[in-house]
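In what follows, a structure is listed as structure tokens, so that the remarks can point back to it.
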Amino acid sequence: MNHYKELTVQGFWKNNPAVVQLLGLCPLLAVTGTVVNGLGLGLATTLVLLGSNITVSLVRNFVPNEIRIPIFVMVIATFVTMVELIMHAFTFELYLALGIFIPLIVTNCAIIGRAEAYASKNPVHFAAFDGLAMGLGFTMILVVLGGMRELLGFGTLFDGAELLLGEWATSLRIEVYTTDANFLLAILPPGAFLGMGLLIAAKNIIDDVIEKRAQQSQQKVVQRARVTGTDL
Amino acid sequence: MTEIFLLLLGTVLVNNFVLVQFLGLCPFMGVSGKLETAMGMSMATTFVLTVASMSSYLVETYVLVPLGIEYLRTLSFILVIAVVVQFTEMVVRKTSPSLYRLLGIFLPLITTNCAVLGVALLNTTKQHNFVESIIYGFGAAVGFSFVLILFSAMRERLAAADVPAPFKGASIAMITAGLMSLAFMGFTGLIK
Amino acid sequence: MMQYAGKNGLILAGFALVTTVLIAITFYATKDKIEAAKEKQLLSVLNELVPEQQHDNELHTDCIVVPADPLLGNKTQRIFRVRQAGENTGVIIETTAPDGYSGNIDLVVAVDRQQTVLGARVIAHKETPGLGDKIDLRVSDWILSFAGVKYSPETEERWQVKKDGGQFDQFTGATITPRAVVAAVKNAVIYAQQQNQTLFEQASNCGAPSDFVEDNDESL
Amino acid sequence: MKMFADYDQIMERISLQNLWDFPGGVHPTQKKSLSNQTDIQRIDLPSVVHIPVKQHIGVNGELIVKEGDTVKKGQPLTTSENSFAVPVHASTSGTVVAISDHVAAHPSGLSELTVTIECDGKDSEYEYTPMSDYAQRSKGEIIQAICAAGISGMGGAGFPTHLKANNVKPIEFLIINGIECEPYITSDDRLMREHAWQIRQGIDILCHLLQPKQVLIAIEDNKPEAFETMSIACQQEDNYHVVKVPTKYPAGGEKQLIQVLTSREVPSDGLPVDIGCLMYNVGTCYAIADAVIEGKPLIERVVTITGEAVDAPQNVWARIGTPIKHLLAQAQYHSEKQSYPRIIMGGPMMGFTLSSVQIPVVKITNCILVPAAKELPLVEDERACIRCSACADACPASLLPQQMFWHSKAKEYEKAQEYNLFDCIECGACAYVCPSEIPLVHYYRKAKADIRQQQLEKEKSEKARVRFEARKDRLQREKEAREEKHRLAAEARKQSLNKDGGAAKDKIAAALARAKAKKAKQQAQLKDKPSSDE
Amino acid sequence: MTLTLIAILVVVLIALVFGALLGFASIRFKVESDPLVEQIDNLLPQTQCGQCGYPGCRPYAEAIANGDEINKCPPGGEATIKDLSELMGVEAKPLDAAHGVEDVKKVAFIREAECIGCTKCIQACPVDAILGAAKQMHTVIIDECTGCDLCVDPCPVDCIDMVPLHDSSENWQWNFKQVSVGDIPLRQL
Amino acid sequence: MSKLSVGSSPHHHNQRDTGAVMRLVMYACIPGILMQTWFFGVGVLIQIALCMVTAVVTEALIVELRKKNTERVIKDSSAALAGLLLGISIPPLAPWWIAVIGSFFAIALVKQVYGGLGFNMFNPAMAAYIMLLISFPVQMTAWLPPVSLTEQSFTFIDALNTVFTGFTTDGYSIEQLRVGYDGLSMATPLDHLKTQLIEGYTVGEALSSPIMSGNWGLGWTPVALAYLAGGLLLLKLRVINWHIPVSMIGAAMATSFVLFAADSSVYGSPAFHLINGSLIVGAFFIATDPVSAATTNRGRLIFGAAIGFWIIVIRTWGNYPDAVAFAVVLMNMAVPLIDYYTRPRTYGHKAKTSSIHNNEEP
């Protein structure tokens, strides 16, 4: 159980793929114009990550080293194509909005990164949970960044939720403020980078506070090792 | 000729892969700490992107389209790319250790650079012909290299800057990329 | 050595087999649904311009490709025909305004046979966010002001932006974009008038329907 | 390398007074008139002199006196076995009261081995062996005399003069440096005005040794009197040329002066002789004449005492080893005129602050500067570099000071070296102009010291590795040898046991069990307290 | 449907060829282990002090190559961390205080009068920097001593001190705060 | 004797410190600002004041937050100068929050995140200007016609009212104010040329409109000349070096000449480009920002020339009519690389300095 908790903390915070490992940045920055786009892509990514982690973990013992990467990407590509087809069929507008970034989940570095770093070394239940935690951690950042940009750029939140969740979700849309001069920077490419930079800085500040608290409680000392004197 | 030039200029500057199209960001952030590494990465990426757009064009026109299996596009492209990259890596590693030191360690990273798959896919959506595909791939790579090298030179300078603690590292790099992207907005419209 | 290579080949092939089969299955399972979704998308734009009750043909298939014409932005375009009760009531024309502030603006314009605009929509454009992009229905409903406006040589005067003495609003700080759109819509109407009957006589030749979204990557 | 002006070209331009220039440079206020109005004064002897054993670049000489000895003025205190050692001499007569560490004339204020002599006031002289017929002597003899007189460069670097003079490469230009580009300092100026003739004799000796094609005596154009006297002193010699050099700091730097006169550049890993030049300070020439013609060692030199915190700025003949305090008293120093008491040895651009008034005058001491409160104001803390590159524009070596500063500050020494940190001559022009008041030179010095330290440590760690590995090998060998011995012993025992028959077997089992238990115990001990075993 | 089958077959075939190619290449172009450990070891100070938690510098070098933190070597201090971070392409971070702090350079000094000649320090010194034989007094060769202080603990009579190396005007690091006589540095640096 | 103080040489220092340099630049702006106020109204001064105040306050807050010596930092006047330069590039009657957001962005996100004065890689004022332009194009392109062309004359109070409420005291909106002579709305000459060309007019026709008198953009030209005077003063006082202004203007002239020679009906003449827009201000006050410009002499030549080139390219084909800001910030990116490859030959070294990066420049 403890291990699951650790994986969750890793995925959402300590080793968050987006803000710590800096992986999967392309979709992260490209599709976070709105919360809903972010959420959509985040969920798709999570799905793929879950699937690929499970599969990779299952087959990890049969895969020779030199064809490891081709096999992993093939596995990922399969999940992505399936997700893509499904989204194409059921959430068509969202599919259009996310554009080329759905097939590009294949090369989302976060996914292959987890396959290599975790799934290929750990049993399947952990791998699955890791995939889930990492995926949701990633989604969390997508949503937060999407929220920031949507709020500043359009003054709304959850605009277009119906694309993802069906007609009922139209009512989720929140109009926070209206002006005739939207802060366009937020939705343009530079805004994505700047927003992400600020997000990372915010995380660093929080970490700093946490660490300061933790520091008071514990102080570790490392046992020194000796080179000499043992085998004479 | 002018068309080719405009296509090249367009991919390098106006629709820069990294700063405008958001492709290939992870290596952009990851290997830009040092100018030397960035140059290695640039060369490796240029090579792979060009080869990838070429081979994916071939796969698309001679396998996928005739058989009507465009839905296997992602799978087959990525397979081709991964294999090409890995093969190149092995060969380079064996045949030229010095080149490997320069490029080799970046090659595996490139498989998972979404610019590579992105180029292949965009080539098909934009219906580029063989030559255009190659130019597009090459242009994308040049654009990538261009900003990567500029960025890494800036980051080297940043190393000595008195950046406030929370902004150190990835954060300031992102902000710098944001300001670069801001500047690249100046190119919008150059190619209508 | 050879058998080692062979083993790798087999493993990779095995994976390829499984993965392709999986994809193929998904593909066939979702195929119809995707087709339907695509159709629906196209239809929804067309139907917005010409509501369901004003036609009884399959708009998205009753379509011809016409050669490039200066009035339609010098590009080959598609034209969808609107028929009701066996009568040809109008056309929906794809057109391009070549003189936007930042390049081409792609539109669809629905015109009835009395040269009255039924409606217009911008499909793709690169105009400046915050300035020229008000032609987009998602940003402002300016484009709706075309609905019901009739063109005739006598009303030519009014087919301009207000600044130039016409009836269409310009935007604060951006006149070029609306000018371009107004001109493009006007030209589409003129084109429909000129070609009038010929548009309805040809057989459909559009092939499989595709959606309107182009250059998705560039309008990110 | 840049095109090399050849001899004729250079001479043509010099005769037309159409010199070259060096890049950069600055024009700080001169303030030379404070101290150059009066003759060089003779002053009272101090009560003690502190003579550091090493006052030059190189190694210590061998001490030949001990505490309690009485010495005479000019008596050598050390000898030089090594050619990089330069002897030092008692600068007056008296008793050696201590041979111990004494605060040295060094910016660090650290102590160095020093001979302290209590003066008896008699100033009785040691026997000198003059060599007025030097023209008939062999070069070796003359060089030996220069070395024995303890002469090291008096222009600032303190390089042993006999080494420079012992040259085999052909010399086109012997350059005599009378530039004295540092503000405030006037010791060379006064020396040239008053002792041009003796300087000329020193130059003659150097010419005899080096056979240069041409002697260039370079004097800045802010010293017309010195120019006049030197011109007169040198007028008989065809190949002596007194050259007026435009005033610009640091025109007196060896490399810069060579560039101004000849347009040649000393290669960064080379020496002036590589491009046919050799340079001596005028003070050095004066000392050479003393040493060769009269056999008199270097025991005194001209020192400028100046600054607005002294009432009587002047030049004095100061004995080597004279405590600064003595000189300050001579010039009527008032510490209350300074907001921070501050004494600078050398000029305002390159001199260093002294941490004690007991620091002695040494062979390179050309000036003691005591500025008043507002004269050379202390700068506040540095601000951030605004990259204005005023520093680069001022740098005579065409370096990029701001880049070297960034990298030095960030301790990126490799990059700092890539920007040629070690070509910096520490002239201070960059820091002088920097609007952000960054003590740039200080950063370079720190960086250079750090780099040297790191190189030493690198060498040391390499040595440590070798020794560690050697030790491991040795231990391994010993262990193998021991095991072999044990095996042999065991075999021998076994054989003898076999002879004994079955009864012994129990014994062996018991012994084995004991050994095992002991080993286990040992291991347990080792785990919690790793230490060597018996 | 047959088309689909053909398609799948083609992809499988491609994969087969590629897999074989890679398998072949992996053998044909095999290379030996990487020289990284060597490079890391070269950067470590070789004091063999074990403060990093590994028995000696080389084991730590191996650990770094396998992904251990680079900030565990106190004798190397900031400079070593910087070099390592450059070699490994990671961010430099401050020394992990759990392993100790960067100290001034010291060497061991044996108070010879107290030394009983037990040779324990000789056995403990990783670089053989101590001279002496059984029952005789021992001395440290200052030039060889790395200052690892491994010899201090084993000494049964506690006659070994670690003494800081003196600054001389030759290796002075331009640190005005060390100047004994002076007052406030003009510029706080 | 009391204890002696010690320190590193040189002990001598010349007296112009950073603050003095910055203030000199501000003084040199004064003729230009006065001229601008004369032609475009007191709004100019209001914007400058707003920007300077916001910039200084932002800087003070951040420095305070970082627990540094606030007074010293503010005294270096660099924030005030950045604010001033942003202020002169904002349309005079733009709403107050434009100036506030812009200055905050300049100081907080372009300057202080990098560690403050000296560390920023981009020109704060220009980066902020671009940010404003792409975020609020309507407000940022709302330039007023020169005073002589407007029908309404307005006072200081009017200007203040417009900036803070959007309307003059008489209730005119900025839109109405912009409608000048002949009922035509007024853009800057460059914007005007650009839009006219899109509409299919030739350069000649575009230049015949009231905002132009021949090549001379009304109002804009005297302003440019006034800044030129200030710039020359800076040059004379050796606050800036000649390299950047000369190479920048030279390259812009050369590029526009080539285009003009090729087809004078669609490309503006070199003279037109020189005296319109902010080329001159840019060349003397903006591209010369020491912090974000190249630092070697050869580097400065390259830096300036590239800016000049991009200005003409972006003015001619880009979407943004006034390209100085973009060109400057674009080249700011290249500065570290330029500096690296244009190191001067050090005394005593071979022509090509040794380099561990032996790859050629991309």
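Before moving on, here are some points about what is shown:
First chain written, first letter: the chains are A, B, C, D, E and F, and each begins at residue 1.
Quick note on the criterion: a contact is a pair of C-beta atoms (placed from the backbone, for glycine too) under 8 Å apart; a residue touches a chain by one contact, two chains touch by 3 or more.
Model, not experiment: these values are computed from the prediction.
The minimum number of touch steps separating chain B from chain C is 1. The minimal number of chain-to-chain contact steps leading from chain B to chain E is 1. Taking the mean Cα position of each chain as its centre, C sits at the greatest distance from chain D. By count of C-beta pairs in contact, D-F exceeds the other of the chain pairs A-F and D-F.
Centre-to-centre separation between chain E and chain F, using Cα means, comes to 52 Å. Each chain gets one centre point, the mean of its Cα atoms, and the points for chain A and chain E are 37 Å apart. In whole angstrom, the spacing between the mean C-alpha positions of chain A and chain B is 22.
Centres computed as Cα averages put chain B at a distance of 33 Å from chain F.
Shared interface positions of chain E, i.e. residues touching 2 or more other chains, are given as 4, 7, 11, 14-15, 18-19, 21-23, 25-26, 48, 56, 123-124, 126, 154, 174, 179, 181-184, 186-187, 189.
Shown for chain B are the residues in touch with two or more other chains, namely 21-22, 71-72, 75, 79, 83, 86, 90, 122, 125, 157, 162, 167, 169, 172, 175, 179, 182, 184-185, 188-189. Across the assembly, chain D contributes residues 107, 109, 340, 342, 353, 355-356, 378-379, 381, 384, 412, 439, 442, 445, 468, 531-532 that each touch 2 or more other chains.
Residues 19, 22-30, 66-67, 69-70, 73-74, 76-78, 80-81, 84-85, 100, 103-104, 106-109, 112-113, 188-194, 196-198, 200-202, 204-205, 208 of chain A touch chain B in their complex. Of all residues in chain F, only 2-8 touch chain E in the complex they form. Across the interface of their complex, chain E is touched by residues 1, 4-13, 15-17, 20-21, 24, 28 of chain C. The touching residues of chain D, counted against chain F in their complex, run 1-2, 22, 26, 28, 107, 109, 183, 255, 259, 265-268, 270, 335, 340-344, 346, 348-357, 369, 371, 376-381, 383-389, 392-393, 396-400, 402-403, 414, 418-420, 423, 426, 428, 431-433, 435-437, 439, 441-442, 445. Put simply, chain F touches chain B in their complex at residues 66, 109-110, 112-116, 119, 121-122, 127, 130-131, 134, 310, 313-314, 317-320, 323, 325-327, 329-330, 332-334, 336-337, 340, 356-357, 359, 362.
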